[in-house]
Every structure is written in structure tokens, then in C-alpha cells.
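Next up: the structures, one after another.
Two complexes are shown next, each including subunit A; its partner changes from subunit B in the first to subunit C in the second.
And then the complex of A and B:
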């Protein structure tokens, strides 16, 4: 049998709720609440009440066990047709983009005509697990047949085992938080404090300007009284950021550069992006903003110290460029997720390093530098906030609109997102004109 | 938002208490529901003199499924009447008015709750003869007084037919106002004269779905009266593009989804608001826009003595200047996504714009300005068969009026012929009527939805 012919998947548009800081206005909103209202905002924007969408793929990183069917439950709570199937995806901070890749792939293969990719995360409503000792004891007690056996199972409990375990932002295999990992990578690449702060200021100023000119009018729907991203500081400056003390890599002495300002805060939020075949979009009189061209996911061995935890996109991008026959400079927009300002800067430094490109990527020449005026032009995670699984769809929708709005006949954009576990998800979009 | 007094005196215990104490008992008004007959009972059609429209009125009511009182039933005092329609267009002499009295007088004690009295006259401004003009103008005095006299939710209204419309197409032009004023849709419109001009009229295939296939834009649609307008248009077949501020997006999305419409987050005061609206219609809705409802409005109340430039300017910009700018874009005949020929513009004015209101000089300026806009624009667009009208709500039960202090609120609620506040749906129904395809004969009008409030009467 011949392989199926492929077609383009296009980005129709997106929706997200403003991102909140942990413990902020969404403190009592669950992932399901946020994902549902985000889907409903998308439905309202594109007139999709009662519409059966090919599939909805979304997920959350900090997830309760009861949310085993989070996305399907959100669909059932939304105004989409209940005949819309859904499944959960989970790939740390890559969740949203990976979901978009899955949906775009199915559309390209003709398996579905439309799909929604997204994600939600709440650092406020995070699950709290019982202590491992207590959990064992409770399970043993529930498996026990007689009352005596049940009591025996519970009798073994020690006071310390009653204390619950709160989720930690740490890599299971190293015990280091993501910030500590990145602090080491940044020090290794000698990324300066000032350039990190400058990237942070740019992110806030770009985001504020985008809100002011109405760029987000058709990308964001307010939620629980929040109308703009809570973390946004339009008036931040290098001077203000310079006053903050480093919070990561404090054991590195003078090389400690990462502060609460140039690192993303723990956030709550959700986002969704609508993808479709060009035909489906046209039949529904819906726009096609950008074509989902291609994507690549890479992983690095950060456990044994060979590579920094968040360096995987540095590997994924050159592989994607090679497959598409493009150079790093062939883009009009770069959307590089700002997990930390230093993540963006180490990634860019790596692509400019002849040694890195030769030794780690096996390239004859470095990928080179990019025009920084094309980077995160409407702000990114440092200003917006970063509810882990919600970042991917936020970026896909934002980039698609940037490409569609730019005056030229053609346009191409690169997305790069780093993720826990040493992974990186990257993708290319092209303007549809 | 609930009128507890009206609920109380219409409830089990309250009803008895109110009766014994002789307290006023505002009628719970009959309101439109899908599938409801035009009238809850039978109607009488009468006439003055030749009554040239009488036959046509009778025919129209009959075809609308209304049971007419004829023969002995007319004089049998046992039969309640749901409506009385009188053709007084032929009245020319003061003595003709006594004929009208003669028709109306015996019916008034036989009116059913929420009955309708509808007098059809001819436009007094078109009569050169002083006695004819006086006679026709007298109809307004009769109807306005009758509105105040009637009880139990009954209303009286006046249709003034253009002389030119009296011949030929009169019936078609009359059908839409006739249906509106007789039906429960006009529950809170009382004591109002409405002028009817000759026009090309498109009778809808289905009177319950007059907007089937149409695209309607409603500004300020997130909540309150705007959300109700969206609901009514959607119920009557339209695809509604719900527009409101980006900051109101959460409520807007809920409204849009509830009416199976579309949410468009847009600040109508943005310089490119008209362009963005037109682009949206062009790209997303086949480029054809049938109805624009300018409902978005704000209040920034203060005595004029304390009003600064910001309070002054913001109200005028949102309530008046924004719709002028948007109209300019949408009325460009060459613009994709602009208003189609034969389209409708309905603006929301206010009784404050007619009567003025203490502490609302800015608001009243904007709402009176809307009336000026409607008059000028309707004349300008007549050759494109676009009608431009306004509604002027009185005291409507909304989140906004719920915040008025109790004393003031009770006064506002009661000083009208129906002794109660209106509902957002009453405003919405009136707008939908004016915007209907069969309402081509009504343009440049301001219809008050105020229960015949004594403010600005």
C-alpha cells in the first residue's frame, strides 16, 4: 500500500486565559476549570458551539490522579460537541507543543480535519501526595481481609509518615531543581547577569506594547477578573532588575546570575490552539494564519553531566533545519521559550559556538547568530508567565498571528521549547497569505 | 434585579394583603415565548368614517391567526378583548373624534389583562388643513391618556401612517408594527406614536425566524441589555457577532456561546474599530452584514459642576462618537463587510436623552446626540433602503439599575403607566422589531421602551 499523501495543517487561531502567578486569582481554579474555560473562549471566538472537532489533545504537568482524563472532561464541560474525542499528553514543558505536533500530524495525514491542542497547569492547585510510608500502609490496609490485619497494617505507621509530600520542582534523577541545573549551564557558558536582565526587560516591554496595540484582543480571554498576564511589569527596567539577588546557583559565588526577575515564576493558566486542514478552515469561513510545517524533538543526557538540562532544543533545531534545508537565519520570527533568560542566551550562544556545533552537533560550521529584533517580539514566558503545559499552544498561536500580520508575502517562524527531563521540542510555521 | 414588590403582590399571600390594603398591584406582563399566539384572546377591529385601512387590518390580523370579534360577540359584554384596533386615518373633523370615543369607550371595561389598544392615524404633519391636522394630532393626546388610564398591563399605542402609504403597499408596511404592538414583544412599550412610511417590505417566510440567514452585530453584548439583544436576535434566526471590550471577554464568551454566535473582543473607541469589524464580517461571515445594533454605553455620572474633561469625553466617545466612526466605515458601499443595502441600524438612546437627568449631562448629551444622529442618517440612507432608528429605554431592571439606592430605584420603577421597571428583553424585542426585514417602513424614529414613564413624556 502506498503511503498516504499528506496535506498542510494550518493554525486557525488560539485562545488562552491571562496567566496568573501561583497563589493569585486562579488559586482555587483547577486545571479542568481553566482548560474548559479556555476551550469555551476558543469556541466563542470561532463560533464552534456544538461543533464536532476531530480531536482535542492537551495535558497538564502538575496533575492530580483524578484528572486521568483531564482533556476529555474539559471537552465535556465545554460547548464543543460531546462527540469530540480527546486525550491527554504529558511531556513536561513541551506538552502543549507536542500536542500541536500530534494534532498537526493527524491533519497532515488526513486522519482528522480539525483539532485543538493545548494545555493547562496550576502551581496553586497542585496535588499534594501522602507520604510514601503512609500510602503503603493505607494500601496494605485496604488489601487486608480481616479487621485485625487492617489494624496491623496501620499500626506500623510512624508520626513522620503522616506528613504529606508537596510537589518539588526537581529532577528526580539529580535532585536538583531546574533553576539549579540552568544556573550551572549558564555559568558554564559564562552568560552575564546584565544580558539576562536585558532580555527580561525586553520581554516585559514587548508584551506590554502588544497588549496596548490590541495584539492579544483575539488571543486572550479574561478569566476571574484578570485581563492581562499578572506577571507583566510594563515599567520594569535594568535598574530595577539589577537590585534583585540571585536565587539559583548561590553556591557558584560571583557566577550566580539568575534572579526571580530573569527566571519565570510559578504560574497558573491554560491555552489552546485550533488547527485544521485548509479545506476545513475555508468551509467554516475561518482564517488560516500559518502552516504547521515540521517539528522535531530531541533529548540530552543531563544525568551524567554530558549536557545541560535545558539544552535539548540546541540539538533539535539543527536537525529540523537540516531536514528542511534551511539555515538558522531563514526566519522572520524566533519564539524561544524563556524558561529562564539564561536558557535563551545559552541556546543562542551554543549555536554561535564553533566548538559546540562541531563537537556536539557534528556540524562543519556554527549555525551562527540570529537577528535579535526578531526574537520574542511580543514578549515571552519571562513576562507572560509559564504554566508549564500552557506555554506551547500560547506560542503556536502567537507566532501564527505574528506571521499572518507581517506585511511580507512570505514569512517563517521558529519555535523552541525546552522541557524537564532534558528534552526539547521545536517546530517551524510558515505564513499563509 | 428582581422587583420584589411586584412578585409579592402577585404571589399567594401578598395578593390578598395588597387587595385588602388597596395597594397597587403591578401586572406581571405577558412576554413573548416561541410558539405563543399573537394574542391571548380575540380582537376587535373598528374604524372612524370611511376607515380605508379597516379591511386590510382585518385581513392582516386574520392571516396572523387572530380570532376577530364579529356580529353579536361585539356587543356581548361577557367576552373579554385581547386587543382593539381602530382605523382613524380618515378622521378629518373634530367631530370625527367622537366616533373614535364611541368605538373605544364600550371596550375599555372588557379588556383582558395585558390587552392592546392600537389606534391607526395619519401623520398630522402632512395635513395642510388646520382642522385635519388638529384632529389627527388629537389622536396622540387620546392614546397617551388612554395609556395612563389602562390597568392590568394593558397598553395603548399609535401608528401614524404616511399619506403616501395609505394607498397600495400600506398593508405590507403596517404588518410588522401591527404584529409587534399586538404581541407580547411590546410588553413595556406604552403610549408611543410611531410613524410609518411607504417602503418596499420583505415579509419573512416565517415570522418567528425573521433573521434566518442574517448576520447581526451587537455592541456591548457581554451582559445586561446587550446580552439580551443577542439572545433575541439569535432566537429569531440570526447569527450574532457579539462585540464588547477585551476586558469583558469572559462574559462575552459566555453570551456568544449561549446564543451560538461569535465573540469579537474589540474596543469600539479604537480608531480602527470600524475597520476591524468590517474585516471580521468580510473574512468570517461571507461579507454581508444585515443589522448593526449600537448598544455599548457607559455612565460616568456627576453634576455638571463637578464633571471634568475625562468624565465628559469618555461618555461621549463611547456612547456617541464611536458609533459615528463605525457607521462611517460600515456604510461605505464599496467596503467588504459593510452594511448591506436594505440593512438596519438601531441605536440605544435613553429617556435621559429625551428628558435630561440630574447628574447626567454627559450621558444625556450622548443619548440625545444619538437621536440627532438617527434623524440625519435615516434621511441620508433612504435611497439605500437602510433604516436607522433608536430605542430609548426607561427604567430597566439590570445590574446597573440594581445599584441605584432603594428610594430612587422605587420611584424610577413606579412612575410609569405599568407601575414597574422593564426587563432587558423588552428593549431587545423592540430593537429586533425595528431591525426586522418587514420593518422597512419605520426609519428615523425613536421608540421609547419605558412603560410610558412620566420622565420626558
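And then the complex of A and C:
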């Protein structure tokens, strides 16, 4: 049997709620609340009330066990047709972009004509688990047949075991937080404090300018009194950021450079992006902003392999470029997720390093540098905030709109997102004019 | 507080509140002023200007009733805002019935458009349509909410005063709310309503009627156990239909039978007329007479 013919998947548009800082205005909103209103905002924007969409793929990283079917529940609570199937995706910070890749792939194969990718995360409404000892005792008690056995199962409990466990932002295999991992990578690559702070200032200024010129008017829907991202500091400056003390890698002494300013804050929020075949968009009189061209994921061995936790995009991008026959310089826009300012800078440094590109990527020559004026032109996670699973769809929708808006016949953008577990998800979009 | 000093209303009296009164003292006052009621309705009107939404309280209400946390208010939440005004009316000595013994038998809400949590509301409550009924007398507590000059919401709560008398003629046909749901329809959802649901709803709505909070008070009111507020049951039913409601609609319910706690009930719903129009009922899961029946129509 011949492989199925493929067609283009296009980005129609997106919607998100403003991202809030943890403990802020969304402190009592759940992932399901946020994802539902985000879907409803998308429905309102594109006239999808009662519409059966091919599928909705979304997820959350910090997720309650009761939310096992989070995305489907959000669909059922939304104004989409209840006949719209949905499933949850989880690839840490890569969740939203991975969901978009899944949806775009099905559209390209002709399996669906339309789909929504998205994600939600709340650091405020995070699950709290019972202590492992208590959990085991409760399960044993529920499995016990007699009352005596039930009591026996519970009798072994010690007072310390009833203390709940709060989630930690740490890698299970290393016990180190993402910030501690990245602090080591940044020190290894000798990424300076000042260039991190400069990238942070640019992120805030770009985001503020984009809001001021109305760029987000058809990308963001206010929620719970918030109309702009809460973390945005339009008046931040190198001087202000310079006053902050390092919070990660403090054991590195003078090499500690990562502060609360040049790291993303814990955030709450949700986002969604509508993808479709060109026919479906035309039939619904909806725009096609950009083609979802191709994508790649990579993973690195950060446990034993002497590679940084957040370095996987540095591996994914060259593979994607090779497949597409492109160079790193063949792009009009670069969206490199700002988990930390130093993540962006180490990734760029790696692509410029002759040694890294030869030894780690097996390339004859380094990928080279990029025009920094094309990087995160509408701000990114340092200013917007980073509700883990919500970042991917935010970036896809933002880049697609920027590509469509820019003058010129063509336009191409690269998305690069690092994720926990040593993973990286990257993709290419091209303007549809 | 304005209501504490409100004298007996004259035939066209107006009470203007600058904030929603607490309902606990009003319930106490209702007991004290119960004797000696009677007569006809006055033109007493209670208003509150510039009512604002407390988002934390709204979120707590959403959680207890099953609504998602949204910027648009559940239609039943406007009742929570208007109810204290209705209480001021009923507690006033000019109101013909004593509050103890009044039974909320019907509630009709019209949402002319979704109301957002950041809108500032002018609320108004009056009592109308005092009329005889087969079991006594009925009266409508009528409330409305405006944003500026725009009427955005109306609520009519019908109360029955068992054994009371009223002048005039009984309203024919007004009493029945016809819904087309088969008696043996299997429920779309089963709700397990815990023993403390009355207390939880009291906490988020402010309606601290003692029979919802205390088993002894419930017994004193003639119920074997605590019962949940009818407006919780209505809100819970509306929440179950939330994504499938029209933008502008009327939701009319008849409270047929108290919901004693704890309880396991079935929610039955079926489209009626238009695609966003619904007939629904809340019935005991094990069968038996319904607790509530209702209808949603577009307006």
C-alpha cells in the first residue's frame, strides 16, 4: 500500500487567557476552569459554537489524579459540540507544542480536518499528595477483607506519615530542580549575568510593545479581572534586574547568575490554538495564518551523559534543519522558549560552538549565529510567564500571527521549547499569504 | 444598618440600601416580628445601587453549585445578590405574612444577557400578586438587576403561606409547570448530596435560614432532617446544563418536595423545543416524587 498523501495543516488562530503569577488572580481557578474558558474564547473568536472539531489535544503538567480526562472534561464544559473527541497529552513544558504536532500530523494525513491543541497549568491549584506511607496503608486497608485486617493495615502508621507531600519542581532522577540543573549548564557555557538580564529586559519590552500596538487583541481574552500578563514589567531595566540576588546555583559562587528576574516565575494560565486543513478553513471563512511545516523532538542523557537538562532543543533543531534542507539562518523569526534567559543563551552558544556541533551533533561546521533582532519579537516566557503546558500553543499562535502580519511574500519561523526530563520539542511554521 | 431601623412601610415606601444586609440578623428579626401579620401588600420597594461582585465569594459559590469559574455570572448568582433585598421586604412588618412558615414553591429567572463579574449592578425588589391558593395564599417576590438603564436580569420567587387567606382570585393555570419528561426516564447524572450541603450553600449564599444549618431547627420547621436550599438544587441543575444554555433565557422551576440530606438524586434532562431549550427534573435516585422540575426557554 502506498503511503497516504499528505496535505498542509494551517494555523487558523489562537486564544489564551492572560498568564497570572502563582497565588495571583487565578489562585482558585482549576486547570479545567482555565482550559474551558480558553476553549470558549476560541469558540467565540472563530464562531465554533456547537461545531464538531476533529479533536482537541491538550494537557497539564501539574495535574490532579481526578483530572485524568482533563481535556475531554473541558470540551464538555465548553460550547464546542459535545461530539468533539479529546485526549490529554503530557510532555512537560513541551506539552502544548507536542499537542499541536499531533493535531497537525492528523490533519496532514487527512485523518481529521480541524483540531485544537492547547494546555493549562496552575502552580496555585497544584495537587498535594498524601505521604507514601499513608497512601500504602490506605490502599492496604481498602483491600483488606475484614475489619481486623483493615485496622492492622492502618495500625502501622507513624505520625510523620500523615504529613502530605507537596509537589516539587525537581527531576526525579537527580533530585535537582530545573533551575539548579540550568545553573550548572549556564556556568559550564560561561553565560554571563548581564547578557541574561539583557535578554530578560528585551522580553518585557517586546511584550509590552506588542500589547501597546494591539497585537494581542485577537490572541488574548481577559479572565478574572486580568487583561495583560501579570508578570509583565514594562519598566524593567538592566539596573533593576542587576539588584536581584542569584536564586539558583548559589554553590557556584561568583558563577551564580540566575535570579528571579531572569528565570520564569511559577505561573497559572491556559492557551489553545486552532489548526485545520486549508479547505476546512476556507469552508468556514476562517483565515490561514501559517502552515505547520514540520517538527522534531529530541532527548538528552542529562543523568549520566554529561549533557545539560535543557539542551535537547540544541539537538532537535539541526535534525529538523537537515530534513528540511534549511540553515539556521533561513528564518525570519525565532521563538526560543525562555525557561530561563540562560537556556536561550546556552542554546544559541551551542549552535555557534564548533566543538559542540562537531562532537555532539556530528556536524562539519557549526550552525552559526542568528540575527538577535528576530528572536522572541513579541516577548516570551520571561515576561509572559510560563504555565508549563500552556506555553506551546501560546507560541504557535503568536508566531503564526506575526508571520501572517509581516509584509513580504514569504516568512518562516522556528519554535524551540525545552522540557523536563531532558527533552526538546521544535517546529517550523511558514506564513500563508 | 438601614433595615434594622426600617419602620413599618407605608403604602408607597422605599428602602434604599447602600450594601447587602447580613441575613442572620434578618432571620432573627423575622422571628420576633412574626406575630400580628396580615393585610394587603404595600408598594414597599427595596433597592441597592452600585452592587459589586466579590470574586472570591463568586468562586466559592461556583464550586458549591458546580459551575465553572468564569467571568460571566451564573443566572442563579444574581438571586443570591437580590435575596437580601427580598428578605428586607419580607421581614418588614408591612409584609402580610410571617417568614416562618413561608414556603418557596417556584422560582423563575430571566437572564436577558450574560452579566459579567466586573459589572456594577442596581438591584430592586418588590412584592406583588398577593393571591389566594388552594392551600392558602401566594405572593411573588420580584427582583431585577440593571446595569445603568439596561435591564439584564429578573427573578420571581413565589412563596406559599399555608392556611393564610388573601383577597382576590386564585390564578388559574399559574401553579403548574408542565415539563415533558417520562416518569421512567433514566437520569443523565446521579448526584450524591452530602449532609452538610445546606451549610455549604449557606456559607456561599449568605442564606442562613436555620432549618438548613441545624437538625433541631429543621425539626422545628416540620422536617425530619436538614434540607438543602431549593436555590442550591436549581443552581446545581443549571450548572449541569451550563455549556448548553442560550445567551438569553428564562429558567423556571417548581420546588415540588424538599430535598432532605444526605441524599442521592438523579438529574433528568431532555431538550424541549429549540436546541438550547431544556426540560429537567431532580428526582430521588430510588424513584418517587421529584424534588424539582424545571424548564429553560430562550427569550
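As a convention for this text, the second predicted complex is superposed on the first by the 432 of 433 C-alpha atoms of A that agree within 3 Å, B and C clash if a C-alpha of one lies under 4 Å from a C-alpha of the other, contacts with A are read in each partner's own complex, and residues count from 1 in each chain.
We take it that a contact is a pair of C-beta atoms (placed from the backbone, for glycine too) under 8 Å apart; a residue touches a chain by one contact, two chains touch by 3 or more.
In this text, all values refer to a predicted model and were calculated from it rather than measured experimentally.
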After lining both complexes up on subunit A, report clash or fit for subunit B versus subunit C. clash
First (subunit B), second (subunit C), both or neither touched by A:223: both
I'd like to know which partner A:30 touches here: subunit B for first, subunit C for second, both or neither. second
Tell me which partner touches more residues of subunit A in the superposed arrangement, subunit B or subunit C. B
Return first, second, both or neither, reflecting whether A:113 touches subunit B, subunit C, both chains, or no partner chain. neither
Is A:79 touching anything from subunit B or subunit C once the two structures are fitted on A? First, second, both or neither. both
Once the shared chain is lined up, is A:55 touching subunit B (first), subunit C (second), both, or neither of them? neither
Pick one for A:294: touches subunit B only (first), subunit C only (second), both, or neither. neither
Subunit B and subunit C contact sites that coincide on subunit A, given as residue numbers: 37, 50, 79, 222-224
Where on subunit A is subunit B touching in the complex? 37, 40-41, 43-47, 49-50, 79, 214, 216-218, 220-224, 227, 285-287
How about subunit A: which of its residues touch subunit C in the complex? 25, 28-30, 32-33, 36-37, 50, 76-79, 222-225
For subunit C, which residues are in contact with subunit A within the complex? 55-56, 59, 68-71, 117-118, 242-243, 275
Contact set on subunit B toward subunit A in their complex: 239, 242, 246-250, 252-254, 256-257, 260-267, 270, 283-286
